[in-house]
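Each of the next two complexes has subunit A plus one more chain, namely subunit B in the first and subunit C in the second.
And then the complex of A and B:
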């Protein structure tokens, strides 16, 4: 099986992030491999262990390749970095175009990605890449079985009413949700090996992409400015003794907040 | 002057999800400022009830009623929506945040080469007709205001309960029945079935009231008192990552960064310390109540009302107190 995994290094959820100016953020230098992408890497490695083949991790990032190294340390065979000044601050549509133009003539059976990246929380790249490659996709899967002979996958995806069971022809792209599998902790030896692993770099030109197409996609949607989140009013602590405090709470919810 | 505002009226089992009525109500206000018609876009099968419910809220309803459109698959929906959109090129296409729109909207936007802003918390049209859209990024630590190109439609999904339903609307929508298209892509995927969750509670992302407990509940069996409180309020039950990782509750109930964002009118957190991971998922709740034994728990920084105390005493007392109030109307 030929499997590609789309990965990204993102700020840790605990990292301090503040608005510096309208167009600039102050992001604490605490990054990790996107939580859902690690699940995707793990799922890919398990498929390789079961059916043989190759796992390639791929990122679009001008600054960080740690997610690729994480993938290699977990057992991926190859790593690709798409990097180009044109892709700086690109929206998910431009990024999807770059990824799809790399993948379009590759012989893949399966593409996996995280449900969403924990930076812009958009969840666009996975389904958008599938659209550009004209292959089916399923979002937020929590189970994955493959029948290589029939070239078919059986997946479950989380929906509001429960878990939907879907049979999907391959090649396909799936985005991975928590619950699909637990990512392994790589062995120290593999982490060291990954530090030295070769990363193949590609730019817009070597992908055969027209820069104007990327610029056009970048224009579709842009960030006008950043703003700080609205401040919540200070907490009202109810200091009366039990059970008086419970009575007061109910009164406040009814008469002040008017939510019950 | 813009032509039409479209609302993706997502249905399940023939019933339109509540968020569609919220979006139609907001669109009725937008339409006054820009002179656009408000249209419901309804795809599914056996839709007569759904059409009836949308009629007072819409100027037009575009209906595609066909067995291939139920249950949802991205293939059938994109084929049909893309075709319909290219014919009409509406100004906006609005949808709620759901498993369907998360699967459908990004792919549809790429197909149409148009913009898509997911999970927005604020959408407004200014007096001079400018569209103002805001969405949280980095889990809500920062918000971004967006700028769109001339590409149409501008696609936006909006969190549940961002707008309220205007029950006073009494439009009488014109109905356009459209025959569903089919092609070979539809056979790539087959929905075999659904493993339904037990119980009657709505998903935490849709619920108006969510009550949740964290590790302070001490064990899965103790969720019984939270469930009983939820029964009184007709609420859904949420929890934290720590509890899910312990295997005490199903992951579908997890609030927070690796779980779900909730935007309830009322959120009550019991025995939840308030790790960033959790609080990032509750930022858009209207009223937050926190009860924890530790006076220094971080959750109090995010709450509107706080009680320092033992949840095992407070939850049952709160249930009894609420029962009096709720039953007395």
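And then the complex of A and C:
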């Protein structure tokens, strides 16, 4: 099976993030592979282990390739970085176009991606790539069965009050949800391999894309402004004795906190 | 562009990978590891199965032969998890196997080094005795030449991994009167029905680094064959030890840096949430000063420790520098854990809160690689050119 996995590096949940200006964030330089993308890598590696074939991890990032090395350390065979100054701060539509341009002539059975990136939570790139490639896609799958002979997949996704079971033909794109599998801890020899791995770099020109197309897509979404979450209000101490303090607490919870 | 403080992309990736392993395997168990005071065999096996015990050794024995800076990254990230577990792992990775890899013949390497890298055999190094430690010249464990090999007699104390060790690298003297010039290293395995060897003496209970088990080891007229002499020439043990002491000292600095950072990162969160007199205590200047002072010292000692790692990697003589790095980082760590205890106020005195664990673990770092009194006495003499 030929499998591609779309990966992204996102800020570590513990990284300090501040609003620098209306359209700019100041993000501490602590990044890690998107949690849902690691699940996608693991699912792809398991498919390769079961049916043979090749797993390629792919990212669009001008600065970081750790997610690609993570993929190699987990067992992926090849890593591709799409990088171009035009893709700096690109929105999901421009990124999807770049990925689809690379994949459109490639033979593949399966594309896997995370359900969403943990930074912008947009969840757009996976489905958008599938639409551009005109292949079926199912979001947020929690199980994956493949019949390589029949070129069919059976996937499950969680819906309200139950699970939805979907059969679809391959090639297809699935985005992966927590519960599908648990990402492995890489063996150190694979870590070494990943540290030394050559990353194939591609730019807009080599993908045969018109720069104006990317520029046009970049204009689709404009960030108007970032707003910091409200600061936590100060702690209010209730000094009265029991039972008066309980009455005051209930009143505050109802009227100020509005939680009861 | 000669002065470059950046890690390579590969080193950054390696740090991220080790951090992930520590976060997933060790962090969830830190409190339990400290409280149980037992060697965590399940964690050891799982960790060993990933291959990290071979980071220093040649690839043909199952190792990775990583560069020194990456090794230091490994030590720093590992100690960020559990200092006790880090001590056991580092003993195996660095001191416990160094002389086997350096001087052991092929049969010894296959029999001992290869399973040690897999975590199947556990090793340690034995310097300390009741009257010697930083003062190696006081070593009394005696190696006597006999036909076909050596006989070892003596008692070693404070041996990390001692109760569970399968093999030891023992420092012993061929003649106590020779002082440092009489010292040598010998490979001695555990006594079994088939093999003469050491036996485990009293187990020591420690206030910190509690999941690394420590004990006395007893060598009672143990016979070892000639090939278990680890060296090229008799009397060069101290010279051989010096080969590794720089790494040991910078490794200790890395552990100190990790503990200090843990302590002050936790203290920062505590200070921002603990309300006193109507404000988070982080709003008070005396509390802020503790963080500012720590930050300055931490940054200075972190950069200096990595400079030393870089010097070792580039084979630049740096004995004094590595002593300074160990001294500075560990003293900085003492400041950080002490101030974290104060920031937590009365809660620091409860085992429910983490600063007491950092404080207890940090104390362990004062002694290995030379006590600070011995290091400072030496460094002072060097500085004064006495």
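By definition in this document, the second predicted complex is superposed on the first by the 230 of 260 C-alpha atoms of A that agree within 3 Å, B and C clash if a C-alpha of one lies under 4 Å from a C-alpha of the other, contacts with A are read in each partner's own complex, and residues count from 1 in each chain.
The criterion applied here is as follows: a contact is a pair of C-beta atoms (placed from the backbone, for glycine too) under 8 Å apart; a residue touches a chain by one contact, two chains touch by 3 or more.
What you are looking at is a predicted structure, and each value in this text was computed from that prediction instead of being measured.
Touch criterion met: A:32 reaches subunit C, while subunit B stays clear of it. Residue contacts after overlaying the shared chain place A:160 against subunit B, while subunit C stays out of touching range.
In the superposed three-chain model, the partner touching more residues of subunit A is B, compared with the other of subunit B and subunit C.
When the two complexes are overlaid on their common chain A, residue A:63 makes contact with neither subunit B nor subunit C. When both complexes are overlaid on chain A, the residue A:187 reaches subunit C alone and has no touch with subunit B. By the touch criterion stated above, A:247 is placed in contact with subunit B alone, subunit C being left untouched.
Judged by the touch definition given at the top, the superposed model places A:96 against subunit B, while subunit C stays out of reach.
In the superposed model, A:73 makes contact with subunit C only, not with subunit B. In the superposition on chain A, contact of A:235 is made with both subunit B and subunit C. Touching of subunit A by both subunit B and subunit C, each in its own complex, is seen for residues 235.
Taken together, the subunit A residues at the contact with subunit B in this complex read 11, 13-14, 17-19, 25, 35-36, 92-93, 96, 118-128, 130-132, 136-140, 142, 154, 156-169, 172, 178-179, 217, 219-229, 232-233, 235-238, 242-243, 245-247, 249-250, 252-254, 257, 259-260. Across the complex, subunit A is touched by residues 12, 71, 74-75, 78, 98-100, 102-103, 106-107, 109-111, 113-119, 134, 136-149, 151, 185, 187-197, 202-203, 205-206, 209, 233, 251-252, 254, 257-259, 265-266, 276-277, 280, 283, 286-290, 300-309, 313-314, 317-318, 321-322, 325-326 of subunit B.
Interface residues of subunit A facing subunit C in the complex, by the touch rule stated above, are 32, 65-66, 69-70, 73, 185-189, 191-192, 194-196, 234-235.
By the touch criterion stated above, subunit C contacts subunit A in their complex at residues 9-10, 12-14, 16-17, 20-21, 24-25, 50-52, 54-55, 64, 275, 278-279.
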